[in-house]
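What follows is a set of structures to go through.
Okay, so chain A shows up in both of these, paired with chain B first and chain C after.
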Partner chain A sequence: MAGTGKDKLPQPVKKNPQLKTAAPLVPPLRRSRLGLRLAGFAARGEFCLPFCAACDKAVWPPRDACPGCLAELDWREVDRRGELIAESVLETSPELYFRGRMPWRIGTVQLACGPSIMAHLHQEVQVGEQVEMGLHLDKAQRAVFMAYKNREGSSVNEDSQLRELTSDPKYRRVLISDARSPAGLALARALAAAEAKEIFAGVAESWRRDAVLEALEALDHVTIVPLDLTDSGSVKELAAEIGGKVDILIHTADQPRPGGLLDGSSLTLAQEMQDRLVTGYMRLASQFGPAMRGRGADGVNSATAFVTVLSVYAHANWPSYGTHSACHAAVYSLSQCLRAEMLGSGVRVVNAYIGPLEQDWYESVLPPKLDPQRLARDLIKGLQQGLEDIYIGDVARDVASRFREDAKLLEIELTGGGRE
Partner chain B sequence: MSKPDQTAGLLDNLALDLASGAVEVVDLTHTLDPDFPVIILPPEFGQCARFRMEEVSRYDARGPAWHWYNFSCGEHTGTHFDAPIHWVSGRDLPHNTVDSLPVQKLVGRVCVIDCEAETQGDEDYEMDRAKIEAFEAEYGKIPPQSWVLMRTGWSRRRGADYVNLREDGAHSPGPATEAVRFLVEDRDIIGFGTECIGTDSGQAAHADPPYPAHYILHGAGRYGLQCLNGLDRLPPTGAILLAAPLKIKHGTGSPLRVLALVPSTG
Partner chain C sequence: MAQARANYDGVVLTAPMSLPYQRFSNQSAHWWLLGCLREMLASVAIRPDEIDGLTVSSFTLHPDSAVGFAQHSGLDLRWLEHIPMGGASGIVGLQRAARAVQCGDASIIACLAGDTNQLDSFRQTLSRFSNFSNDAAWPYGSGGANGYFALLTDYYMRRFDTPRELFGKIAVDQRSNALLLEGAMMTRPLSLEAYLSARMIASPLGLFDCVMPCAGAESFLVMSEEMASQRKLPFVRIKAVMEHHNAFASDPVQFRGGWQKEQERFWHDAGSNPPDMDLIQTYDDYPVISVMQMEDLGFFAKGKAAEFLLQRDLTWQGDFPHNTSGGQLSAGQAGAAGGFIGLVEAVRQLTGQAGKRQVVGARLGLVSGFGMVNYDRGVCSGAAVLEGAV
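What follows is the complex of A and B.
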């Protein structure tokens, strides 16, 4: 129960098959356009508020102009610190989502950067204490504030209100779509360390033995499952078997190959990549999506995230790996479609963007290259923090920020401007 | 062509024997299955497509009264036929594609050389000329324009054991270079077939020439059959093989149903 002290998150118990699974209700969806903008920052885990440079303070609630001097406002990252000055425990609510989750603690935080705001309260914070603010997406994928005692604390995720905002693998069952990919083994290990209850490691063509498969077989909490993303029958069969108990799906399949349209082109390779990456994503989403969508409120280990590891060059083509970028761009586009279709289910469609990995198919690419273990660590951290867009490594962060700054300039740079 | 009165009844006995079961039709084909292994080449080369099916409709909104699939695969997926154009040595020969080759050659006598004992003790077993001569000493000379099949029991293997890949490549039996030369030059065979994933042995990249079965057979306009199933059901001699690839324009091979007509022993 929230608000009664520092409770541990309850261990999920086996479901009573005579009870109906709770419908995946979500908090209110409606926001103003300014309010929706906040969700963009929450998706990336940034704590941004409208800011008046002339008055040197943040403004809340969002407005078109500074209420003090009528100057234009810009959104910027601000100081997360503040003080909890009041709290209230909701015992009843006309909102269906909150009715099923009472009591619910909320409070008012006086921010160091100026305004006071309403926030959800982590169980560790008390009135009069210094707090640290987080900006999160709720189950409706809309931005809400959360006040913490310590965002990095070791027991921070033991909070049931926070768990509604995040996709923590703890106690959850995770499917890795291609566990033989470079990220697969690292993820399996990191998920086990993050106390995932069970890790289903998808492996295609088990008739091809290799060291990764042997390492996966040796891990505790890992179950090897046959899954070939190029084979509709294989995806359908696995979804029929375990689709109802996949709480987090991490799609890791990739096939990075150099080459574009004129240089190093191979249509059979392009077809293969397209089938594995693009149609493969559609196979996975169409077979596992419906069951996940129905289990968005299924207790402590509810379905919570459909995660895809994407090349950051989904945003803008990197011609050295031109076909590969195009396939990822298609998956990126499909992930936006899936977000719309998953909205209202409480299941988050998460994308983890990466640059070139430290692996054979990027051997002629200059560093920095991403270590698969770093990928696994940051991806899981992103889930624990409830992010929707996780940018992992220097290249991904750099390309993404340049994309936000000026997409055309990034295109010019990538296609011959001298800077990749 | 013979006159009608001379040909009348020529196949009647065969038809009667097929109807009575005196001649059995034996299927030497693996099922086209997404999980059936294909040849694995170094990753930087183009790869053989696996067999795949997508449902078009199943008596539903996509087609109310009918059920069908689209399927896709490589020309060299599953039990399949290799035409001479498949290999560089046969690329300039006439009638070297599956759509142009003479269909008369797609039905013929078949000799089956039993190498199961040798293969059991040696996964890299190479059938040499002496083995063929020993076969002939027992069953008679291989007639010209016959198929020769190498029986190894390999088709009973599944999955990883079938491909038998190790860090130094695949390990599976096949014919020695001199044996292929002997069959082509001295015995004038139609083609050579095997239960393994290729007509060559797993380690044939290291032979001289590399992949001697492919190189010599196709260079001489002969055909290959691979991934055959259950050759232990054929007699050493006396059966007829039917191996007709799909008529693909300029095709280098094709999956096919390989059948044998076998005199019943029952």
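What follows is the complex of A and C.
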């Protein structure tokens, strides 16, 4: 029952294979072009609204001019606070997605920054109370507002309406594609702490024992599975075995090697890197994608996210690691394609962008460098918040903000703009 | 007060026509509108080639507009208006047509409204109603009008401490009226207990707070009083008309509308006052909207509806006859025809053509309209005072 304020998410029960899997319906897709713009902010967790500088007020719904003075509007990060002034529990809807999820609670929030807006309601909020707003992507990957009592509250994710908007690992089964990668062990530990139900740790050449493998084996809820991203047969075999159980796939494979086209170049190395990173991504997506796409509404532990850890230099080439940047740029481009192909399934294609990690292959790179624990922590937090683009660490955030500000200027800076 | 508005002397409404509603129809909106036009013209012995002006209001006519419909109908027109104002279409159509006749732009104007209701029409209309709705309302549970009006009703009830019994009274009394209407969607009596215990649709709205979408059409003619008299047609005169759009846009949730801004001038124009009305017809997509119109037009003070209405009888034979054909709550909501149902009924009543539910001695009537929840509130409001010619 919605609105009682203290319900917990039901524990997923073992699936009855004789019952039909619920079709992955999604909420309405249709938006104006201005309305679509909101999804870009939601994707990275920002709370932005159209804003009139002259009136010093935010505006909603999105418009082409200020309704107060007809001035042009820009988008700004605004105060998330407001008051819930009306609510309704919907019991019926002509849209199939909502029809299958009734009752559904909505409300009107009077925002401190100006407009009143319609929003989904977290079960903890009551009319007359102060709320804070979240901007999220829904299962259609379109932006929607959610009103919370406390976005950071300890029980915030125990809410069935919020769960439709996030990719929380709680109760879900996760595959880490390359658990031996620097982030693999940290992710496995952090996922267990986030109450993931089962963690499949993909390991190539499992006969090769090392400390990481032993540490993985020692963790509760972790199952080591054989997965070699350079071997189509291996990927296919694992997908046949566990593809229908993977709710979150976290692709961690990487092969950072310095070098560009003229300096430190090796075509053989580049070819290997391409096979592992680019073709490897295609193997993984093509084998696991279809099963995930069919399970976007499969109960509390539905398939929810296909996550890739990407170099932030996928956005603009970093010549010191030029070939590596190019491979990540290719994967970034493929992830956009996958987003289009996953649209309508409820499964989110999430990219976690990082800068150089604290690891041997970046030994000659100056700090700041990203600690794998931080990577794991922020990635999982991003999934819990329902982000689509997660920027982790100072370098990734810096490069991303420069990219948004002026992509060409970033290119000039990265390709020698600092030289004197 | 601003410059006085010119009166509507010499222009009248006549030939009220309603095609009996159907829950679902596989006919087009054009079929409904044309059928209503044909029946109306037959009822007053006017030939199609005598019609030289037309207003059209319909959602499901899309992608056609009044232009496409004009060609479809074969009418040869000097004057044409498309009036996409939903529940305010009747009042606005009447206003536009009256001025055109008064100024000699046209001599007989047919005002038409109607919609079909095919199996998926309702969802299709709602899911692409407006950019604002697509961006900021429909994605939130897709409750459609029920969802937005639930929020509006919830806000109203909290702000003015309103009992559900008030809304129940409106629904129950209208149901008695609808029992005397051919083609009403609702054909059984409704008790207050049944209203209160009905299942919730979108709290605080229960089943009987909501209209039943259906197919249907409504129409009337506007012409000079001289012509109506020559043809011996029963008619009503127009004492006052108002329209107002996008009033009180910064209210966080709608609890009042444009009527409030026009109230003083409107009654001045009418030369009468709310207590003088022998019957009133409000736009009743939800009971709270009827209450809002009565308040904003001055029948009682804002928030005082319960004190006023609970001690009155709102049926056709009561002391405050309201929505005497059952309104949309009981007759059904035939799309844009919902913006005409009260107006057409008022013309019938004030010309003594309301049959078994005739309000005895009705001379003055108020009709009000409320249209187009573009996003979270009705943008268009309108009202008219009509006077029977007896």
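The criterion applied here is as follows: the second predicted complex is superposed on the first by the 415 of 420 C-alpha atoms of A that agree within 3 Å, B and C clash if a C-alpha of one lies under 4 Å from a C-alpha of the other, contacts with A are read in each partner's own complex, and residues count from 1 in each chain.
Throughout what follows, contacts are C-beta pairs under 8 Å (C-beta built on N, C-alpha and C of every residue); 3 or more make two chains touch, one makes a residue touch a chain.
All of these numbers come straight from a predicted model, not from anything done at the bench.
K.L.:
Label the relationship between chain B and chain C on chain A in the superposed model as either fit or clash.
P.N.:
Pair status: fit.
K.L.:
If you count the residues of chain A that each partner touches, which comes out higher, chain B or chain C?
P.N.:
Between chain B and chain C, the winner on chain A residue contacts is C.
K.L.:
Looking at A:150 after the superposition, I want to know if it touches chain B, chain C, both of them or none. Which is it: first, second, both, neither?
P.N.:
It touches nothing on chain B or chain C.
K.L.:
Quick check on the superposed pair: does A:116 touch chain B, chain C, both, or neither? Answer first, second, both or neither.
P.N.:
After superposition on chain A, A:116 lies in contact with chain C alone.
K.L.:
Please work out whether A:373 is in contact with chain B alone, chain C alone, both, or neither, and reply first, second, both or neither.
P.N.:
neither
K.L.:
After the superposition on A, what does A:21 contact: first (chain B), second (chain C), both or neither?
P.N.:
Neither partner.
K.L.:
What is the contact status of A:359 with respect to chain B (first) and chain C (second): first, second, both, or neither?
P.N.:
Touch partners of A:359: none, neither chain B nor chain C.
K.L.:
Could you look at A:85 and tell me whether it touches chain B, chain C, both or neither (first, second, both, neither)?
P.N.:
second
K.L.:
Contact-wise, after the overlay, does A:228 reach chain B, chain C, both or neither (first, second, both, neither)?
P.N.:
first
K.L.:
Between chain B and chain C, report the minimum C-alpha distance in the superposition, expressed in whole angstrom.
P.N.:
40
K.L.:
Could you list, by residue number, the parts of chain B that touch chain A in their complex?
P.N.:
Checking each residue of chain B against chain A gives 34-35, 37, 40, 46-47, 49-50, 52-55, 158-160, 162-163, 165.
K.L.:
In the complex of these two chains, what residues of chain C are touching chain A?
P.N.:
Its residues touching chain A are 122-123, 126-128, 131-132, 134-144, 146-148, 150-152, 154-155, 158, 199-205, 249, 252-253, 375-376.
K.L.:
Considering only the defined contacts, which chain A positions touch chain B in the complex?
P.N.:
205-209, 228, 230-234, 266, 268-269, 272
K.L.:
Any idea which chain A residues touch chain C in the complex?
P.N.:
Touching chain C: residues 27-28, 30-32, 34-35, 38, 60-62, 67, 85-95, 97-98, 104, 106-108, 110, 116-120, 127, 138, 140, 142, 144 of chain A.
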